[in-house]
């Protein structure tokens, strides 16, 4: 999984019929210092993550292993909201 | 999913027989500021996206979860046309 | 899918028994201007692409969705020979 | 698989219900000289790896092939703790 | 598939029980000129590749399509030993 921060939402009316009702969140990747990177991914939210939340994003076929996303054409899903990172060894 | 803009089309007469009738769109990746990046992907269009449309592209096995692409040898599909991006937190 | 140009062939006598008879082509990635990039992928040819052909390469599990590659240990397949690219919007 | 070193843990109370009890470890990628790289992945631990351990991380759908992670929305798993690397040819 | 050269071996006693007896080879990526790159992957050997061999590595779910690796938590497999590369067009 990758770490990221929810920074926005994608609005899309015209989409595959299987995707009606899905919330597409924009997740910027972050480092272990919580700093935002330039890269981002658009992920379906399954845990009601809000703007500013630090989250874990699961990609690929594994993104279809939640009740919500089963058999759906999505390749990234927010499956956890992060409380904190415990970094014990950095070097 | 990744964000991109449809900038063109790939014409291919000789192809796997399962792909007859498919439209292969060239999608350039974009940033959250809508600026085009240098990278691109060729994706099957399932939502009748047109040139200039901002779209969401789903990759990997998830690209085969639409009615059109089921069991087909394609690894990227346009599954939504983007209306707008709501960016609420950038830093 | 990614765009590439067939520039050579890989010869491999000792291989998984499921792969006997497969043709492994070396495909260099290209840009929308047809210029070769430094990166490449080795892909199984299913459409009799020849040296110099511009092709579409499909990767991952989707590379196993052709009649030839079903259930085979291959992760990239040439599934179309490109006639031309129509680029209508570049900026 | 990729080589990495366990440097920390992710705490996440709110998560997909299938993930209760999972341990999410932060694994920094390393080179063949054991030096830490800047990149990292968050992986589910299935072999009780501890902080400082050198590990192998398996990604994608293959990350769901352990007893623990079967059908779960995870895309990276620690499936081995490394004893040592034997590098016999470097150039 | 990607091209690489076997440069070493990973020893791991503590691992997923499905992986007992597997040989994990360290494969450095190479260019079409056979020069080693800095990047590498750890792959399960299914064709008895030796140190110094040039090999093809198959990744992702396709790495589980050999008799040895079926349903195992591995995401990269050496499925061919390369005899030679025929590069016919470079520019």
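We call the chains A, B, C, D and E, going by the order they appear; numbering starts again at 1 in every chain.
Basically, a residue touches a chain if its C-beta (ideal position, glycine included) is under 8 Å from a C-beta of that chain, and two chains touch if they have at least 3 such contacts.
Every value quoted in this text rests on a predicted model; they were computed, and no experiment measured them.
A.B. asks: If each step moves to a chain the current one touches, what is the fewest number of steps from chain A to chain E?
C.D. replies: 2
A.B. asks: Just curious, how far off is chain D from chain C if you go by their C-alpha centres, in Å?
C.D. replies: 31
A.B. asks: When the centre of a chain is set as the mean of its C-alpha atoms, what distance in Å lies between chain A and chain D?
C.D. replies: Taking the average C-alpha coordinate of chain A and of chain D, the gap between them is 19 Å.
A.B. asks: For chain C, what residues touch not just one other chain but two or more?
C.D. replies: Within chain C, the residues that touch at least two other chains are 60-61, 63.
A.B. asks: With chain B as the start and chain C right after it, run through the chains round the ring.
C.D. replies: B, C, E, D, A
A.B. asks: So in the complex, the part of chain E that touches chain D is made up of which residues?
C.D. replies: So the residues of chain E in touch with chain D come to 5-16, 18-19, 24, 26, 36, 38, 40-43, 51-52, 60-61, 63-64, 71-76.
A.B. asks: Chain B touches which residues of chain C in the complex?
C.D. replies: My answer: residues 1-3, 31-32, 46-48, 56, 58-63, 65-66, 77, 79-91.
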